[in-house]
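Everything on this sheet refers to the single structure shown next.
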């Protein structure tokens, strides 16, 4: 695989599809949450409107350079993650820039946005941001663990670090998905997944009243809009990785939409059922439930 | 004969040491040591003694030719002289120290001279 | 050549002649004394020179014109000449030193001094056992006289105790002599050897004789009297008592032991080791300098006795080894006592006054290094040879005990040095008598000269002729120059050395060489910010670099070990310079020396007695000993890399060091340990002990270090401690990579070597610069510095991105190789720990940058400027390098990859085009950089288009639940930043390791505290001790007949 | 929009005498001393600016539509009205379906609800929150108390006309208005915004002096900068 | 009590060791080789009748030099120790009654005789039992007698010191002459051995022994005097 200029419009196309689908997904999931609470929920276009409004705000303030760059880092992380992972297996158009790096790149690029965001929030000088970051980072490090272990189990299983090859190995009927060939790893990975989706029960770092929504408390207007955009893209990007590693990938867009929706649904369902964990509770949760499963999955591969 | 002398010497040594270890008075200790070194001297001399022989002086009674068979071992005698003199020197020194100590500390009790320890 | 008998003649003659002088002609008397001592010294030295050069042969001096054994004869051999030189020179210098006391007390005391030296010479010279007794008594009595030179009235009591004990000893001695004579029919020592004693049933006599001589060596516990003398006597005399008397007594014991046959040697070994260990432990509790020196003297003599106990296996090296230790001890101890004489108060902290006189500090350090046997002093060569001989003959236990004792000794001696360097010093510089100071310098010079001689005599290269070491020592001479000039010279020296030597480097050496030399030079750039003379910085720093330079080129185990010790000692002095670094520098030294001793033991085991061992020959070590060699060497190297369990020195040492020292000891020094591990694994490979693969153990250690180091780092409030703990973690990664024993694992370790050097130096420098400006290292006291110190911020930002392994910077390369490496490794459990530690690193890194640069600016920091230019300059170099290395990792790694390929069959990386490909995955740094850069730029432009009119606000313009912040201090969320983590995982932080080492040191201290109660101060009790000593040994030896 | 009504009253001397806001002398780590004036050093001193609408009408209309359909309310209760706002989030009223959401931070909110009587003490907080919101932003007063003081018209401690202190876009009358009334009010507000009438922020900026004077005339312990960015 | 008990136990064990020495002691049937050598060769090599003297002065002359030095040293140190610690005036022991006529006269009578006897003893050391040390001690006893008779009597320190030093120096010088002129240090054959059994025989032995006698006498005297002087005032 190597670079050709045509890949840039292709990648932009992928990005557009994922973005639109992401907006839709976000709305759907919110609506589902509302329905679970007996409400009607937001309108289907609400997410677009909110985004547009935020981009259109007239006044802005800035706390400094990093405050400015934080959202940029954040969104770069999301967009980059999408672009470094092949979206549709077997499609030349939607391979994106996966030639630049393998699974390891995807694993570590996740941190890029987090880091930048945390820096931006930090520069606002707001203690609530700092508290939120503390909680978020603490929880994320614990949640990443079962995921990373499961990922490693999978790459050991298929003896490759290339996402494309892992997907290739899962082709040929759903029984060859990692979900069925290595269920323990998948369970471990899904536990980690819950922790990184910023949903209940693992969303205490966004506590709206105690530390008014945590890290982004000072962000507004276009800053917030960039972050919202990322909030739309990033879960999809992450789910794409999960889908590719554990659920056989997607060979065309309908399958992609379906699988992403179903995986997204997992976290949404858990989120509407369970109340919040304190941070140390969630750390313990990941270490007690996720970690042993992850270790087990590595050992039995 | 030799055994008696030697035993006497050793007993003196032990007595002297006992005295030196149990008396806390410095002067008594010095005296005890004198006893012990006397015992040592006795042991020294008794080692050189050989039954039935005479003093190692080559006078008329002991002609040079037969000296090998008729005199006792002269070396311990030479040694004991040195030992005595040295013992004396040390004793004198100890006494001087004792005097000085007494002048400084106003006591002759060695168990009280313990400002240097640990 | 003047006959050696003239030593005695001149001494005695001058002593008698003094009586002729008027009591008031004290100057004349003193001149006579000095002249006599000078003649005695000259005779000794001329003999030494002649014998050493082969111009003269060992000579017997007959008295009375009759052959021995019928008359007393004296002998001058090499050993005798050497010891005589020590004794007479000590006497000469001490006399000069004692000038005031002697002048005050008059000619009698001078006569006593002369006789003392004469008697000590006699002890060395004589071959007649009874003559030995006479000289002994002379020594005893003259000691009794010289003790009186002290102003301290307690000395009288000590002198009396001494006399009491010597009475007991002389009783034993005489009884022993006469019965030995009876058994042998001769008083000549040489005759004893002809007929074994036991054959004639005179073992007990010999035992008593030996005991008497050994008791003169002040064995533990029968040595309370000696300690009292050391404590109270005039230091000038204590120098004689320790250096000269001890030397003579040791030689006497050796003379007699030599005749007793091998069967008596274990007894001597036992007594010597027991004394060595016990006295060193006891010294731990001393706070009186002279008493401490006393314990140390006793211990050193014990060590020599233990070495004498090994004479059956040392062969013709015996003199070299025992002499090396003895001379080092004599010079050092005399020097230390002399220094103690110019210090007015007796507690150890009073030595701080030395700081006002830097050359004295150098002398002090010289003496300490000599005592402990650090290179390039004689003790070092002796220790090395001794270890090899002991191991070759299977006496490992003896060696281990010696090393433990030496470690304890190093502990209290360097604790003392630390006190002297770090505690508050008086302001007014005291006036020292020039004569006294001169004597001290003379001793120090003699020490260096002895080191040079021993080096020349050794079968290895003379360390003092090693180029790097000479350069480093040269910095002692130019200490007076301004710091900046010295800095230029230092940088030039490093670069020149690299330029001279890089031609012969293989790629591995090249990487380490560049880090050590060029990397060191870059860090030195930061030192330009220091103005003034910066005393005491360059010699240790250059010593450390000299050690590192020698380490890389070392081909034999000796060169390696010597380099190791040089760099250890250099870095110790360097670390000690930090503000509150006293305890940390000490624990650093303790662990490092412990590690060095482990290395020594390992090399000795590996060599199996056939020194010198080429490093490459480690590969040939096989059999049961091989795993032990591996274990010992690994432990030694891991003390330097601060693997978990051996890490407790690191945080303090690195954190407390100066701004430009921290990167040296962290970025550069830690790599020495890794270099060692590389060599070890490269040569010895996998070893199995009790069926366990040792590399598997290393894997666990590495993983645990990575996890716990990182975990501890996140809870630090002190920025430099945080970085220090992170070093533990990072070294854990590298160790883990090495222990994987596959191609990519090693490549990853190397990647860590390079990266860790760069980013840790970078971070330490920036944090150091910030700490310099803010005057604190506590992160919660900082905050909001980004606007004031933007360059430092950028440096830290780049540093932490690299370190956390986030693409696109080069830290990611390390992670990528790591993942590829573990794909083929078998051990999966330890990997889990490494996985866990990765994200944790993220936590503390974020904390570092957030708490310092973001958040709320404090009032007192409002007007800070960015770090000084010279501290920033290397940072910017590092930043540039990191960016370059991120894009082109191949520029360093390609060759190494190929080089490592020689050691492993499996495939390495493929470096086709822009993409780096492994068996399992691929990675294209350039493309990653371009993609990320493009996205980032586009988004940034978008934001700029939307928000370019943003109002810039100030620090309190934050939403605060409709209130406003109170003060910056209460608004900066920084302290206990990761409280939830502490609640969840805090149990992992239980300081088990610290407690473990603390328990050991406490146990030693408690033992010392308990045991020293033995020394009640009562002379009678001391006499009892002497008898107990003899009786117990008698019983232990099973009632010798 | 300038007219007589907005002529500033004479300013009263204001003492920023809170301990933490006093000027103080600080010693830097290098030993130099300097003065810190918290108000000057900690707070941005710039006055608010009026912001232009988009030059293209259709764009401005679209933006206004977006703003109207995405009303983010600052979750902030001042009086008894607060209790009437909560039911809006419940299944029975479900304001979300009209694009109305609550945000915990003023930075992200557009709509400040003054829910009932406003004591002088609360006014200060309300002002601060309002000023921290971004343009465009809207103020809705709930109940008679915000209009004329209502039953507290003669209280020593409540303000009577919210309009004098903040640019109110809409009042919803009642004591208290029920949630249905609130929903109706929001719909009215949307209409105003869509029609381009929601320019309270600009009004506030343009008549900043007047508003400040009014605010300071009632708030005696004024302990913050003139404009809270 | 414990100390005594411990001492007893210790000494018992030591005593056992001594006992085994005694028990294992076998007296030599004939002279061992050193002693036999002396018995055979003393007369020829040194010309001394008294073998012990020959051993002391010649064969083991270095020991003897040491011995003399011990005394010298002790005298010097004692003087030094005591010179620092004069009793304060009026303390116990000061102020003696004057000696009586009888004592003084007896002393005056005896002292020359004792001195003469002392000289005799050391001059004849190579012929008969006795020698320098014994003679010296006898000389000193004369001094003791004088002091006992009149505690306030004082001798010239300078004189004693001179005697001490000169005899010591000469002794050393003789030793060195042995090195130069004869077989080794302290060889007595620097002077002719003379006729066996005569007063002036045995080479330097009589000379050395005389020096020793003088020196020992002087040293003892010096010590006695120093001890005596502590009672001053």
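For clarity, chains are labelled A, B, C, D and E in written order, and residue numbers in each chain start from 1.
Operating definition for what follows: a residue touches a chain if its C-beta (ideal position, glycine included) is under 8 Å from a C-beta of that chain, and two chains touch if they have at least 3 such contacts.
The model shown is predicted, which means the values in this text are computed figures rather than measured ones.
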item: Third chains touching both chain E and chain C; value: B
item: Steps in the shortest chain-to-chain touch route ending at chain D and beginning at chain C; value: 1
item: Most remote chain, CA-based centroid, reference being chain C; value: D
item: From chain A, the most remote chain by mean C-alpha position; value: E
item: Chain pair with the higher count of C-beta pairs in contact (B-E, A-D); value: B-E
item: Length of the line joining the C-alpha centres of chain B and chain D, rounded to whole Å; value: 112
item: Approximate Å spacing (C-alpha centroids) for the pair chain D, chain E; value: 117
item: Separation of mean Cα positions, chain C and chain A [Å, integer]; value: 53
item: Separation of mean Cα positions, chain C and chain B [Å, integer]; value: 49
item: Shared interface positions of chain C, touching two or more other chains; value: 130, 134, 137, 141, 144-145, 175, 179, 182, 187, 951-953, 955-957, 959, 1020, 1024, 1027
item: Per-residue overlap in chain A, given as positions that touch at least 2 other chains; value: 59-61, 212, 217-218, 221
item: Multi-chain contact sites of chain D, meaning residues that touch two or more partners; value: 105, 107, 229
item: Pairs of chains satisfying the touch condition; value: A-C, A-D, B-C, B-E, C-D, C-E
item: List of chain C residues in touch with chain E within their complex; value: 3, 5-6, 8-9, 12-13, 15-20, 61-66, 69-72, 74, 105-106, 108-109, 111-112, 115, 118-119, 122, 126, 128, 130-131, 134-135, 137-138, 141-142, 144-145, 148, 175, 179, 182, 184-187, 201, 204-205, 208, 1020, 1024, 1027-1028, 1030-1031, 1034-1035, 1039, 1041
item: Complex contact set, residues of chain C against chain A; value: 784, 786-787, 797, 801, 804-807, 812, 815-816, 819-820, 822-823, 828-829, 831-832, 835-836, 838-840, 842-843, 846, 849-850, 854-857, 915, 918, 920-924, 927-928, 931-932, 935-936, 939-940, 942-943, 946-947, 949-953, 955-961, 971-974, 977-981, 983-985
item: Residue ranges of chain A in contact with chain D within the complex; value: 34, 37-43, 46, 49-50, 52-53, 56-61, 208-209, 212-213, 217-221, 224
item: Chain C-facing residues of chain E, complex; value: 3, 6-7, 10-11, 13-14, 16-18, 20-21, 24-25, 28, 32-35, 37-38, 41, 45, 58-63, 65-67, 69-70, 72-74, 76-77, 79-81, 84, 161-162, 164-166, 168-169, 171-173, 175-176, 178-179, 182-189
item: Chain C - residues contacting chain B, complex; value: 130, 134, 137, 140-141, 144-145, 153-154, 156-161, 163-164, 166-168, 170-171, 174-175, 177-179, 181-182, 187, 224, 227-228, 231-232, 285, 1012-1013, 1015-1020, 1023-1024, 1027
